[in-house]
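What follows is a set of structures to go through.
Paired with subunit B in one complex and with subunit C in the other, subunit A is shared by the two complexes that follow.
Our next item is the complex of A and B:
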């Protein structure tokens, strides 16, 4: 009888065994958005450009950045960085210093003179943009790079809007602003300065001459504090104060100033006044911990010797021979459900007096919508728009502070970008693109932290307080290149494959294959064990149940 | 120490095993120390340090890892030896199945010791008997000389049949007791034990793979092939034991019958107790009682035919078990009842739990039990005796 071969040994390879039939779940490369991307007002592909910085491809990082935001140097200085608040790394140690890295890339581009690529094609359609602030400039940039003819109308003598007339130089050096704006205009945008579009009639005429109009005139009307006499010589509104001081003009206000408000503008006013030699007190309705300004701004203001009188309300002002007396009361402040909403009650026996020389109210600004009566309708305090930022008048789009209560510079930049995409689709149907749904973000638990040892953040240095008070030099100092590369390396790169080969190496069935620019799963052999998912340092792979 | 005299040496059972290992020249020996096996390992490392053994000694972190290494090494065609005891053997359990299923030719020495709990170091055969379903060949040795001789024979057997073999001797009674042992000449062993040349082996030049997942029918076939190999063991070991006898004057059989020919009563046991029983049998014979001893040397595979032939026609068999299987009793007792079931002229079979946990069993004890149980009514359960 012929001896049968041993069942234990085989001369063929194990490829004959289709272990894929054992599986009930298959991994897939999902490339989900990172939480920072989800939080970013300009959809900034943060994980992607941080990875490029870490690989020392700074130009590549800049290209990724400016796809969504033409102002990395500016945003890297003044963005309220919701990306850092949402960063998965905060669960391990500290957020990645995304804002400081954006500045690093932006400043590198300015230093090396990197310019935007010219539009690939010239299109005949003409777009008018009214307002040369962050929203208007962002929209102008996005439309111009798509080849449209862009006319930019600005009421003031220079472009920049709030960036120029509202943000003090110690937060944003004007040369940075000038360079980043010039780089946009160099794409071939026609600018019209000192060209205010006065009213609905003028807007209508513009609309007739252009294929579409984008309106981003900001919020230029100061909110009025009830009971305060704005005509009195001891009152100066914050916007006026900042515009004047930013332009280098002097304000004769006396020694002790009281700034009313707790937001970023109030901090800008107070800190500017400190630098001009004033004694400054901030009077806010909100308690210290609920001040709407960024915490860093409050902390830096305190370092600079600014007094905070929180949970307090101005009741009346008595003018005297040498200054004024502010009659105030302590209040019980309760935040409301939505941002900006609140309720309050006076504290019994909480009245107190405050002596000063002038008051600068900085309680926010309203959009001037009355100007457009007859053309545009209001939706609460802003111009009404649809989901694509189009107003109720066909072909007129609006954004920035005029159309939204999300009053942050990068929100305005994001709105400008989104409106530009909508306008491109409006004037040119072949350019219609649907806004990608950001979808579910990578949760912290999807990150294998074994690959991410704890590591302290490479924080930016700050100017010494005594130096700060003698000039308008920027307080935040740039991150040196070596530290920037290291800091970018702290990024988990949530949801973005870094081609680390872990899945390829750990797969016990050799079922992961390398393909151009990534990997693929060989379903014939994948047993669905999930090792690739567990060993992915970036949470870029997930299991999908199979029926 | 490192001389290789073809002469008697005073050796403990464990050191006799070390000498056997040295003479068989294993390629690989993964070892993990455990009382009372440790002197085997120590002596081997001494031989190795002195250059008398060229074996690759591995000292992994556990017995489980040691057996894993044994399996891998054996599959590459290496001759493999290891030794353990009690808890160590129990820790290997998972891999004992694997080693047989993989048809390795590992030779392992086990020093029989009580398993915990309670903690103890005493001679008791439960540790190895509990492995009886794994498919390892099991041999039980009575003396240091027998341990040495059996290790050498086991390599021949295992490598011929591709079945791993476990040789056992009792803790202390054999492992640490010293007697004159004839250590054979290296040339004699070399001539007796041919080089290990398995049909299949893991070799990167061959491109043959092992142990890939199989379907139900193929697994089933692997067991039938294992059964066929088991059927050959009794005859093979008989042949090998006789060949060894021709070379050394010390012949071995799967069963040893001592004064059984005209016996009215036969004591059946394994391991060191056989020596005591031999003395008791002589005493009983002197007293006119026709007693004999049946020593079971090969326990797995159980030499069924040989046992039936040996016991047929003898009126009474008394099994002495140095082990206790809860719920069953003495394991050899149960095995013997099973083997004799339905046999004509089968003896009545008494099972005595004698020396469980290492209690001393004297010749006097055995004489008394033979006298008592030869006349007693047979109980189905094993009886505790002291």
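Our next item is the complex of A and C:
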């Protein structure tokens, strides 16, 4: 019989073959910032803490949050949330409800009594902070946690600035404010209340006694409406009205109030007055669709029965026995190129009268710079500062509404943080850190949306209108935990590797290896196909050409 | 996001010679790691044969027997019977074949093995053509697809292999895709634990053969599933159909658009493809509904 040929046996594995030589591009793990991070005024690590919420590590999420912002409960209620506007997920369905989740984490921290870690070392340098609003408090927090000795001077009897004397309780409950401020002060900050720093001379003195000074006195001077007699008993400025009502004081103003202005402050005045039983009309130059207030505020104001008289201008006021008559005219409003700029013309035959009992102008606030003449200079409407928030006087830094026209709470918090970092570097050179510049962000197309099925965001519940009008209870209701976890799961986690293993498991060449807490690409075998990049759900890997 | 759950156990090595980005290598990696060490593979000529081998090296940790194109299922039957005779009835015998080796040249052997209900797990890497030989058509090539031997597009529709196999009433038939590795893993696990003939048909978008970019094969397979071109389903005992995806959620256009083999199709030809897909989908729905 013919002998069977013996089979051919392989004698080694294919690992002998270095297929990496085929390649002309190699993947690398990058850590690009998410667009929400880029838009966040406090540089929040949003992708990171949303991931922590989704994994039910709420404490971890809070630690990540408060690294940049000691006020998550406050920001979670009233931040203008530019992060949501820039969220990559808006390209798929709707933004992730970042703000509502920030509130969830912040409230969880308050409920469970989480406290900030004490500074790791005590430093001898002393910093004076003038103004206890969000900018001043944020700077105080960031400096104190770095071990500096912080003295905080506040003109009013309580801390908080506009958070306390401007923003009404139905948007930010005072107990939330009190708790988030107390947590900062508990780090060991010396506060001086009812301690107005009067003038340039007093400022100079402080500068001499401290290693650095941070000035964050806000924008305290109401803009005056031309032609309106502010001394008349039927005129009360919005800042005064809000400060009084926020402090629980009564204002005797009569039944029908006309609020002049179309911004957030005007909405706050109008809605506060509604809750106090007044009939309220808002008179604005802008047409309804161009009102500078946030749309939700306008909608809620309307729900609460506030009348809107838009595209209209007050020309004069005639006082009578029982109330006043406002002579108004319809106008043609044209928005300008930049924010706040506009032009207008009166509409022929558009005059009309409005009867009311009082007028509350709410057209904005200016920074009080004159007070510091001799020490500080103006730069347009604000105090002049350099890129590191230092004024023209060495060692005096400024921020918040005083030094910027970005007039939002989280802008103030971010400015306070940035100034604190700069002050730390100023007073002790070993603490100099370069501020990371906001570079390229993860683009939407880097996200593989096959891993992110469409899902509408969780709607945040609101208090019923009739309940709203009877009290100053918060209108916006909290997100229940289960919904918060689910909502956090909608985040693409742009640019932050979630250790999902997709790249590792999809590689046809087994060329990705797991290493301590991450992955590495084995250049001996990677053929450079880019499949790992294509199947990454978070946009955390990219290809790099090789020469 | 659902985590991918197949376990990497070192059953498949780097250094193989599949094209960069080839999802046949990926699917092989998943199948081998899921089946585990107690297995033998029988491989007829195909891309898989090239990927596994390249004498004297092997990218596969289990023993591989390279057989002829006509005889994949027959060789696997023999290997299984030999193992049983040697007292190793639990060793899994895999037959890893291409569509040419399944739909065409190996069909006779496959049909007989199915008819005998051999205890093998037959995996067909369906790249819809004779690809390792340069890209000629097979009976798995779909309507209007251009191949080296159908330069004006194939004139007939893709052979319905699942229905042929179902007619043999074998215990398990399933389709799978590299765009759903969890579904693939589940099906391999399920098949491994069934005695008798099991056939798994995995769609493999072929990068050079279909004209797909190096990093797009998984995306292409995903589009095929979403468009209902390649539905994911199982057939048990030749009669019980189970659909593993909810719906066909989109028309075929975006699937076709990412492949050069469908380049410059007229609207009519696209409609003809859509009509076939719709008809097959309806047929599948009827079967899953027991009609």
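Remarks
Everything below uses one rule, namely that the second predicted complex is superposed on the first by the 537 of 547 C-alpha atoms of A that agree within 3 Å, B and C clash if a C-alpha of one lies under 4 Å from a C-alpha of the other, contacts with A are read in each partner's own complex, and residues count from 1 in each chain.
FYI, contacts are C-beta pairs under 8 Å (C-beta built on N, C-alpha and C of every residue); 3 or more make two chains touch, one makes a residue touch a chain.
Predicted, not measured: the structure shown is a model, and the values here were computed from it.
Touched residues of subunit A were counted for both subunit B and subunit C, and C has more of them.
Contacts of A:255 after superposition: neither subunit B nor subunit C is touched. In the overlay built on the shared chain, the residue A:481 is in contact with neither subunit B nor subunit C.
When the two complexes are overlaid on their common chain A, residue A:10 makes contact with subunit B and with subunit C alike. In the superposition on chain A, contact of A:56 is made with neither subunit B nor subunit C.
Taken together, the two complexes place residues 8-11, 13-14, 17, 19 of subunit A in contact with subunit B and also with subunit C.
Listed in rising order, the residues of subunit C touching subunit A in the complex are 1, 3-4, 6, 8, 12-26, 29, 53-59, 61, 179, 181, 214-219, 222. On subunit A, the positions that touch subunit C within their shared complex are 8-19, 22-23, 450-452, 489, 498, 500-502, 504-511, 522, 524-525, 527-531, 533-535, 537. Here subunit A touches subunit B in the complex through residues 4, 6-11, 13-14, 17, 19, going by the rule given at the top.
Residues of subunit B that touch subunit A in their complex: 101-103, 199-200, 207-214, 218-219, 221-222, 225.
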